[in-house]
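There are two complexes below, and they share chain A, which is joined by chain B in the first and by chain C in the second.
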Partner chain A sequence: MCMISGTGIRFAYEADGRLKRVLRDLDIQIQRGEFAVVLGANGSGKSTLVKHFNALLPLQKGELTVAGINAAGRSDIWRLRRVCGMVFQNPDNQFVSSVVEEDVAFGLENYEVPREQIPDRVRKALRLVGMEGYENRSPHSLSGGQKQRVALAGVLALEPDIVILDEVTAMLDPQGRQEVLESVRRLHEQEKKTVVMITHYIEEAVLADRVFLLGDGVLQACGTPREILTDPQLLDKAGLTPPLPVKIYYDLYKTGIRLDRIPLTNEELVEELCQLN
Partner chain B sequence: MNTMPSGQYITGTSMLHRLDARGKLICMFVLLTAVILTSTLWGYIFIIAVTAALMLFSALPAAALFTPLRRLWLFFTVIFLMNALFFDGNAPLCSWWIFHITAAGLSQGAQVVLRVLLVVLLSNILTCTTRPMELTGALESLLKPLKLFRIPVEDIAMILSVAIQFIPTLSEEADMIKKAQTARGARFESRRLTDKAASVAPLVVPIFLSAFRRADELSMAMEARGYRNAGSRTKKDRHALHLPDYLALTASMMICAASVFIF
Partner chain C sequence: MSIELNHISCSYPGGAQESVTVFDDFSLHIADGEFIGIMGHTGCGKTTLLQLMAGLIAPSGGEVLINGEDINKAGYDRSILRRSVGIVFQYPEYQLFETTVEKDVAFGLKHSGLSRAEVRERVIWALTLMGFSYENIRTRSPLTLSGGEKRRVAIAGVLAVKPDILMFDEPIAGLDPQNRTAFLELAAQLNRQGTTVIIVSHNADALAESVCRLIVMDRGRTVMDGTPNSVFADPVRMQELHLGVSTPRAIADMLAKRGIPIAPDIIRYEELLLELRMNLKAR
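Showing the complex of A and B:
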């Protein structure tokens, strides 16, 4: 079943008297329980696209249904935002309280969840991202990765079906990125959430069930990471470079060394290289 | 990089932490009134003693309370000098051109500085011992009468509390921008007043821009988490005030009365 289904999504805005077209009749279908990565260079419209999923941007043209809710209908907008949570790029700009516990409770209070249920749900959400024990800390005193996990908990407290991650690792150090990606992976595998992750780090796309490659405001391609990431021409057209193992494969290919398959991760690359003799 | 955030809630279990936020807020206003109405030496000594006692009761690290004061030294110097140099008084101790230093001026300057100092300290004690959302709730319930005039009280309380959250972030950013501008040759250390004034522009403009950008992102994040207006949120637990809260209220009123009438 389709969790997110959009056809002919168009988005344009006017700047300096010229019409800037960001999305040009874009079609996208994301399945229930899928881990979808939306990949694209800067300015490819990926952030704009996902902001339509929870109606942060109004649909200008086209059709979009998210979890069975029509995203164009203004009356369902709050129900939509409850089933479709979103974490943003800058960890510092999404906290409303200087106490972790209160911040995670913010969404629950917005939906008028009875007060006596709130502490339990906050604790559960923090446990899901491995941040239990930090209830009374100030977000400012946490590392970048921890901040993003708290932000994720704030979304999970509302028990959404879909979690959208808008370049959540872009401002983190490598360790913070690992922490957040690990939480996201667990969320998808154990909690069976539909995850839509936007990124321009091509290595992160390897984790996906399906990769949606965006370029020039349209969907350039969609398929498994192996299909998309091992196609240098396709990636080049979208302004991206393939992951290092893929590049090494093609470099070796040029010098006459053939590996059995195109490796996606460093581990696969090592395996392939070891099988050479 | 993350130093002690000034004026932010610090977890604790002290007597002050446990008091009801509404009670604390009223107490603070009563004490502020005392600060403003006092004008005798003994009155000030009394209020300083009360403030010191509150600091002890709060069991907060001294650094948390005093750091915000360090940033204000220039402000203090300026108000002191303005008062000392321009206050109209008889029998100047010495005069030069338009400046007359009088005993009354000096004492006025010292008083103003002391008052601001006490106000900052007292409000710090409040914000350091009260959770932000509790403070928001307290503001909300105290401003409730204004709802009769269709003033969106809950939203105003929310705006104030979110604004307080961003003070450390913005001041951290100001430091960073200052360093960045210094690296590109801006001179903040020049002694000439005109240079100093001119050097503020490359600091203020980026800070304003970034504050707007942050506000924009934050409002989007809040909307994404279902924030419509503060009126339709889970209601805070409204306990009645307990005995300690009433005691604190009575005590602060007595302190205020004492500082005005006795000293």
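Showing the complex of A and C:
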């Protein structure tokens, strides 16, 4: 079943009297429960696209249905934002409270969730991201990875169907990245959430069910990580470079050394190289 | 220009709680023309260090010397500091504020004494270096740019001043691979022309490919300091510090553990590829 279905999405804005087209009649379909990773060069329209999913940007032209809600209908906007939560890149400017649990409860209060239910929902959300025990801490005393997980908990407390992540690991150190990716994996696998994640770390795309490649305001390709990430020409056209193991494969190939299959991860590369032994 | 931090102490007032000490007797010397990378876990003091070196905050003890002069001494001409030290912050959207890209990039040149034509030339130079077409971007509002474009405009604004010392706090986050490569090449080029370049980043791959000296910090202290090859030669220590080594280094370690003989000082892509070729051809 389709969780997000868009056809002919067009988005343009005026700059210096000229029309700048960001999305050009883009079609996209993301299935319920799918982990979708969106890749694309800077300015390819990734953020613009996902901001349509919860009506942060109004639809100019085209059709878009998200979790059965017409994203063009202004009356459903708050219902839409409740089922489709979003976390952004900067861990420092997504907090409204100086206490973790109050911050996570903020969305619930706005949606007038009965008071007696709030503590339970907050606890459950913090547990999902591995941040129980931090209820009374100040968000500012947390590491980048912890901040992003609290921001994620704030979204999860609303029990959305879809979670959108716009470069949430970009500012984090390797440990913080791992923590956040682990939380994302858990809410996809255990909670069966539909996840849409934008990233510039191409190796993170390996985690996806499907990869959506954006370029020139349209969907250039979509497919499994293997289909997309092992195609250097396709990636190059979109201004991207393949993951390091894929690069190694092709560079070795050029000098007559052939591995049995194209490795996607470091582990697969090591396996392939050991088999040559 | 050289930078010298001698016996620095620095702490932040903690409000109701105790104040947080970032540095206690911290020293660091950076020679003129060095190309330096700084790594460290969140909260280790990297950003505070940049702010001290740029004179944006003053230490509570010790001295910061730029080109041998104490920048926090009474009577020091701070306009020298503003001209000679350029800093690009972690979140470029915080340092973009003008109505057009052109005005934003030109802002740092306001009191530089340059003529309007010279300012325009500098702006064109800086925007071109960052991969923009001046004509296409100059009247755009910085607010309408994408995340990666904002970052590049913020960098252009600092380059336009042509500082002798350039500091970047996490400059490649949010950049796509081509812009990442282009930025690192530009940093290397400016360094070859004599600029002292300091890059703070979590991206071990990028630092391995670019810098000549890598400093690893932990809780306000320098715990490793040397060439990237020597620092990444100790993956266990790096793991203890919650930091990664470069991907080629990590792959080389995995291969070594599987009994494949591989040189212990590989940290860059080309080094790994060459090693694999020789290794596999030999068999």
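Quick note on the criterion: the second predicted complex is superposed on the first by the 277 of 277 C-alpha atoms of A that agree within 3 Å, B and C clash if a C-alpha of one lies under 4 Å from a C-alpha of the other, contacts with A are read in each partner's own complex, and residues count from 1 in each chain.
Quick note on the criterion: a contact is a pair of C-beta atoms (placed from the backbone, for glycine too) under 8 Å apart; a residue touches a chain by one contact, two chains touch by 3 or more.
Quick caveat: nothing in here was measured; it's all calculated off a predicted structure.
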Clash or fit (per the criteria above) of chain B with chain C on chain A: clash
First (chain B), second (chain C), both or neither touched by A:13: second
Contacts of A:113 with chain B and chain C, given as first, second, both or neither: first
Touched partner set for A:81, first chain B, second chain C, both or neither: first
Chain B versus chain C as contact partner of A:155, first or second or both or neither: first
Chain B versus chain C as contact partner of A:90, first or second or both or neither: both
Among 109-117, 181-189 or 217-225 on chain B, the segment whose C-alpha atoms clash with chain C after superposition: 181-189
Chain B and chain C contact sites that coincide on chain A, given as residue numbers: 90, 92
Chain A partner contacts - residues on chain C that touch it in the complex: 41-43, 90-91, 139-141, 144-149, 152, 170, 173-179, 202, 204, 242-244, 247-248, 250-251, 254-255, 258, 260, 269, 272-273, 276-277, 280-281, 283
Residue numbers on chain B that touch chain A, as the complex places them: 2, 5, 8-9, 11, 131-133, 161-162, 165, 168-169, 214, 217-218, 220-228, 232-237
Touching residues (chain side chain A, partner chain B) in the complex: 54, 56, 78, 81-82, 85-86, 88, 90, 92-99, 102, 105-115, 118, 136-138, 140-141, 154-155, 158
Complex interface listing, chain A residues touching chain C: 13, 15-16, 20, 40-43, 47, 89-90, 92, 143-145, 167, 170-176, 200, 202, 239-241, 244-245, 247-248, 251-252, 255, 257, 266-267, 269-270, 273-274, 276-277
